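The data blocks that follow each hold one structure.
Two complexes come next, and they have one chain in common, chain A, joined by chain B in the first and chain C in the second.
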Partner chain A sequence: MSRIVYLLLISNMIANLIASSPRILFAKSEHGAIVTMIIALFFGVFMNWALITSFKAFPGKSLPQILTLYLSKWIAIPALFIFGVIWYVSGLQTLITYIDILLRFITPEMSIYLVIAMFIPVVTFGIIMQSRNILFTIELVFILALPVAAYYVIKLYFTEQVSWDQVAIAMTFIDNPPDYTVFSATTYLFVGAFDIIIFNSLLKKKMTFGIKQALIVFSLGVFMIFTTYFIPIGVLGFDQVENILYPWILTSDSIRMKFGVIERVIFIFLLLFLAIAFLNITIHWHVACKLFQSVFDIEKMKIKSREKISFMIVIVIFWLIAIYTTLKVTEYDLFLYSKYFFNSIPIVFIGLMIIMLVVNRRVKS
Partner chain B sequence: MKFLSVSKWLMAFLCMSGVLLQSGCAFKDIDKRLFVSSIGIDPAEHIENGYKVTMKVALPFGAIKDSAKPSFAYLSREGHSIGEAIRMLETHVDKILELGHMKTIIVHEKLVRDDMQSFMDYFIRRGDIQLIAYVAGARPSAESILKVEPNTEAPASVALINFFGGTANDSPYVVTTYLFQLRRDILSEGIDPVLPLIETNEKGDELIVNNSIVVDTREEPIVLSTIHTKYYNSLLKGSNGFTYLIRDGGLELLLNINQSKMKYKFVPSKGSVVPSAIDMHIVMKGTIGEANKDLSVAKLDEYNRLASKDVKQKVLQFLTKMQEESLDPFGFGLRYRATRLHTEEIFTTWQQAYPNIEFKVTVDVKLQGTGTIE
Partner chain C sequence: MDKLTGNLLDEKEVIILDETTCHIEQPEYFTRLAKRLEPTADLVKKTLKSKGRVVHLLYLKSVVDMMQLQTIVVKPFYEMSPEQNFAEYIHSLPYETKMPTGDEEVLIEITKGNVFVMIDKQITLLELKVVAANAVQDAIMEPTIHGPQLGLSESIETNINLMRQRYHKPSLIVEPLQLEDASNRDIALIYDGEKVNPQLLKKIKTRILTLDVELVQASGDLQYYLNNKKYSLFPTSLLTERPDRILHNMASGKVIILVDGSPHAIIAPTTFFDFMISMEDLYYSFWVVSLIRFLRYAGLFTCIMLPAIYVGVTSYTPEVLRSELALTVAASRIGVPYPSFIEVFFMLIFIELLTEASMRLPNSISATATTVGGLILGTAAVEAALTSNIMVIVVSLVAISTFVIPISEMNYAVRVCRFFLLVYTTLFGIAGMMLGILGLLLYLVNKDSFGEPYLRMFWKNRQEELKADDS
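Now for the complex of A and B:
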């Protein structure tokens, strides 16, 4: 597996740390969250295995290219369109959450229009970059931000502010039956690698997914799930943790670095995670943009500047939807829609795998 | 691909122009802000069920050497709720009140109760108030404590903050409770949070923090004595650097303990789900700091035994006192819940069992030496 795939995976996991998924997990903390997370962990590793294996036969080809080659356009176009919507929404979900967090915690006096006006051009700049440059950006941000982010997260495990009794109480709910929403929300942590449906065109090497890779993904998953779920419980307490809107913001605000550069960790924490989330939005929207373009491109249009126009249309639509929803969506809506979105993820995954299965068969025959 | 480069330039320009919209300092200059250093909350005198909020505002001055003494302004106002009072206080000053640096919340002794969550809510909800702010009880009132300006207070610093957090004052008599911790422990079943209690001397020029309050539902809060505060702090919070005075016959020893560890487990009882006893094991390490007689290094074991016996007695007394008052500052109930699979009635079973639980304490004092002289 190329290192890029790991980076994509990690960026998705980290961006979700602060977004809606912890809240969905906590909402079910007394109704089967633990057992479901364990199931989803294995399912997540399986997903990554299935993805890498199904793309094995097509090094250097992206999903749109593969589908146009081997499938009729009556299947390929709707499928690509649905994937595009899913990827766009996943970026949008992170975007809205982060705009909300920014407004609430960093610049409470700023107008929402201004925040949107700052976010969207930068993200758009990322979208219109070439895929190769996006991969470079990922590496760059990771080199700059990940060590510090990892430092803060690991530091959390050793602070006296975490009450391990509370964590143990959360674990005593292990005998509850599993829950689908928790399953899909946890599964979503693992879908980062799915961005290779576009970036695969740059990954010329043949990828393998053996025991070693499975172990890496598994341990990454264990670490991230444990951090996402148990550390906020340890800091904020198990009883009534579900009443907190942004568990991770309050958690980072509760962490004190006695002799750190800033005693109050939240500001460093937020900025770091913001950088990675930004990256995540850019990646997702880039993938979405490419998918939509391939949908409109698929029949060679006769117009001269076809690429230009499809680009333009896609970006304008992205902007309009993003601005409209950011202004409209309330906290409750965000929670609700994120839930619907997460719930659709396993289904979309199965759809993608069926398509890849068919394609792989056609290649062989 | 010409178009792409054009649009890239355009986007780059747009990103840059975002900077033009910014106006620094979140739109308000630093000299247009007043920094609140601590907030005191008392019961209101004129409004029923209301609160009286007092703010200690740090006044700006040009350079630290210009000012011999720290200067503060005090704002007070009564209101039906904290938020309302603070909103009204904002109309009493010409600048904006900045709460982002507020580090201490002082609550009148009478208000330190389980239902304090209702007014603490305001502090949790406000995004700019730190959750690592310190919370403390006040005697006789929050306002009078805030208004104490100790002689040891340096310009550009607040004495109240230095007491807590272990950066300046590190005494084992001072309990530190953070806002997030208070919220967590109040909301959790099976632990009673402990707050430090700030008092002042008769002249009103000293702050004294060596007692603490256990937060509970009752009207008159239980105040832990100085000794109990020390035991709480050293056993549970692992604080060190404290001294123990033990007497045996004519011998008086003062121990300097620099390490203490406490472990406990439940002893299961036959035929019942609830444990019959708590088996507590305490290890302390230290040296002898003072003695009224000549000591011998060879007799360290003897001193260990004496010390262990003494500490054991005091810890037992503390634990049984808490049990009699049905308070649980150690969080035994929490541990009980944490070590069993969850059932609906798990906590009520514990509550019924707690008053009858027996404490078995073993103390292991390991003295490293007699200090630099024998």
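Now for the complex of A and C:
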């Protein structure tokens, strides 16, 4: 696997830390969250294996290219359209969540329009960049953010606020039957690598997914799930955690840096996550943009700068929908819709895998 | 007036010709060329005649080395016996340059300091130019303690000589180019033929040859024209005066562009990180260099972000800082009559003015300017409650850390960036600052210099990675 696939995976995992998925997990903490998470962990590794293996035969080709080559138009176009919608919504979900967080924690007195306006130029610029440059940006942001993030995680694990007894209490609910919503929310942590459906056109080397890669994905998953779930429980307490809107933000606010210029870790945390969330939105929307472009088959149009124009149209539509929903959606709606969205993810995954299976069959025969 | 002097000169020439060359007619081609150059005062057309041989010389005496001309051409001409072939002798001279085709090109060669020699029907150009400014200058822009102390000179030949003297490899190629501008300046591409990417070389060459500019004065404006984008903020090629930097870059496959009459060389293509290297980094030990590099990048981040942080923290989210510090900042701002962003803009513009002033003034006065501006005005501004104490610290820190960046062009670009980020933070607060930085990062990543990515990390084999991108 290319290092870029890992970065995509990790960026998605981290972005979900602040989004709705921890809340879904905590809501079901007495109803089979732990068992489901363990199942989802293995399923997540399987998902990544299936994805990489199915794309093995097509180095340097993106999903739209593959589908137009090997499938009939009547299947390829609806499939690509659905994927486009899913990718757009996943970016939108991160965007709305983060705007909500900004309004609540960093700039409460700012108007929502201003906060949206803050994102528009930068995200738009990010989307219209070349694919390879987006990958380099991810890499750079990771390099810049890594020292801070590592410090933060170490601080979290070793702070005195974490009560490991509460974690032990949470562990006792291991014998409950599994739950589908938790399963899909946890699965969503592992879908970061799916962005290669577009970025694969840049990964010219043949990728392999052996034991070593499986172990890396597995250990990343274990670490992320453990951190996502047990650290807030340890800090906030098992009984309280399900009532909190943004458990992760409160968790980070409970840590202090005694000798730092910035005393409350929450601000470092929020700004760091802003960077990651921004990357997440940019990547997802870039993928969605490319998928929509392939759906509408813009290359057939005989206009001089068709790519630019079509990009612009897609982006304007993206933003109009985003602004409308951001203004309309309430806290409760966001949670509810995120749940529906998460629930659809395993189904979409299975759909994608079936398509790839068919395509792989056709290539062999 | 012109006509008058022209006529006068003509008369003079005629008189001289009558004295020295009795009855020998000058060939038609020779007179045609001479006509084109007239009526300049430094034009010399001479006809030497001895023992049945005739040689016509045409040159501009202001650019030709007279002594050499005397010893190499004139003296042998009169000392040679009739059976010796003077034409053969002239052709055997090492000073002979390639004969261009076309009148215009020949005239350009003459203006460069070549002597036009015509024996019977044979034409030769001898390069006997004299260059006034071929002294190597001290490195002023990028001084180092270790490493060479001298930079380039203003003559292209001397500069090429400097390169050759430091890089003994047959693969070092010097390729002359001729700009189609008013000055017909000599330009030379220098590169290591084994290491340079041929596509890149082609790209740079076509870019130079297709330039449509009136006058190129120095490497600086050539670099600007090469940039090709009018509103580009960051430099995509590096201007240097240090031979060691040139060689360091040439050895890694980059192309050097020299312009005659300019003590700076252009290095292309460049990445962002090239601008953060001081040549001194190569001459110190690992840990020292690591520390210096760390300081330099810390300085870069400080000078871009600090004013924005100040605005974001004081005007939007004071709770970011620990409470004691937040109180100190707030206390120092007591009495300051306007919001923090005006204060920051005001002070930043003030410090830019100070920098600009101390750069333009002669050395002896600039020290006074800095003292008056920095110390006296700074203190007075604080006492008059026009600005806060902390702001003065912020601004001086910003000013100092800007100068940590070793290449001055990057220095300027960063200064502009700082204002962009400040505006974004003023509009959107501390979250806006973070997004602004990301935007800046995106902008830099999206940039390229002659096809090479401007800002990216190279982990594995660089060539391999670059190859994988072509799509």
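In the analysis below, the second predicted complex is superposed on the first by the 355 of 365 C-alpha atoms of A that agree within 3 Å, B and C clash if a C-alpha of one lies under 4 Å from a C-alpha of the other, contacts with A are read in each partner's own complex, and residues count from 1 in each chain.
Just so it is clear, a residue touches a chain if its C-beta (ideal position, glycine included) is under 8 Å from a C-beta of that chain, and two chains touch if they have at least 3 such contacts.
The structure presented is a predicted model; accordingly, all values stated were derived computationally and were not measured.
*Asks:* Identify the partner contact of A:267: answer first if only chain B is touched, second if only chain C is, both if each is, neither if none is.
*Replies:* second
*Asks:* Which holds for A:136: it touches chain B only (first), chain C only (second), both, or neither?
*Replies:* Second partner only, chain C.
*Asks:* Now for A:107: first (chain B), second (chain C), both, or neither, which partner does it touch?
*Replies:* both
*Asks:* Return first, second, both or neither, reflecting whether A:211 touches chain B, chain C, both chains, or no partner chain.
*Replies:* neither
*Asks:* Look at A:3 in the shared chain and tell me whether it touches chain B only, chain C only, both, or neither; answer first, second, both or neither.
*Replies:* In the superposition, A:3 contacts chain C only.
*Asks:* Applying the touch criterion given at the start, work out whether A:236 contacts chain B, chain C, both or neither, answering first, second, both or neither.
*Replies:* Only chain B is touched by A:236; chain C is not.
*Asks:* So, does A:125 touch the first partner chain B, the second partner chain C, both, or neither?
*Replies:* both
*Asks:* Of the partners chain B and chain C, which touch A:168 in the superposed model: first, second, both, neither?
*Replies:* After superposing on A, A:168 lies in contact with chain B but is clear of chain C.
*Asks:* Taking the contacts chain A makes with chain B in one complex and with chain C in the other, which residues are shared?
*Replies:* 107, 110, 114, 117-118, 121-122, 125, 129, 263-264
*Asks:* Along chain B, where are the residues that touch chain A in the complex?
*Replies:* 3-4, 7-8, 11-12, 14-15, 18, 21, 26-28, 124, 127-128, 130-132, 165-167, 178, 180-181, 183-185, 187-189, 331, 334-335, 337-342
*Asks:* Within the complex, which stretch of chain A touches chain C?
*Replies:* These residues of chain A touch chain C: 3, 60, 102, 106-107, 110, 114-115, 117-119, 121-122, 125-126, 129-130, 132-133, 136-137, 139-141, 143, 201-205, 260-264, 267, 270-271, 274-275, 278.
*Asks:* Which residues, counting only chain C, touch chain A once they are in their complex?
*Replies:* That would be residues 316-317, 319-323, 325, 427-432, 434-436, 438-439, 441-443, 445-446, 453, 455-457, 459, 468-469, 471 of chain C.
*Asks:* Would you tell me which residues of chain A are touching chain B in their complex?
*Replies:* Going through chain A, the ones touching chain B are 30, 104-105, 107-110, 114, 117-118, 121-122, 124-125, 128-129, 161, 163, 165-166, 168-169, 171-175, 235-240, 250, 253-256, 258-259, 263-264, 266, 305, 307-308, 311.
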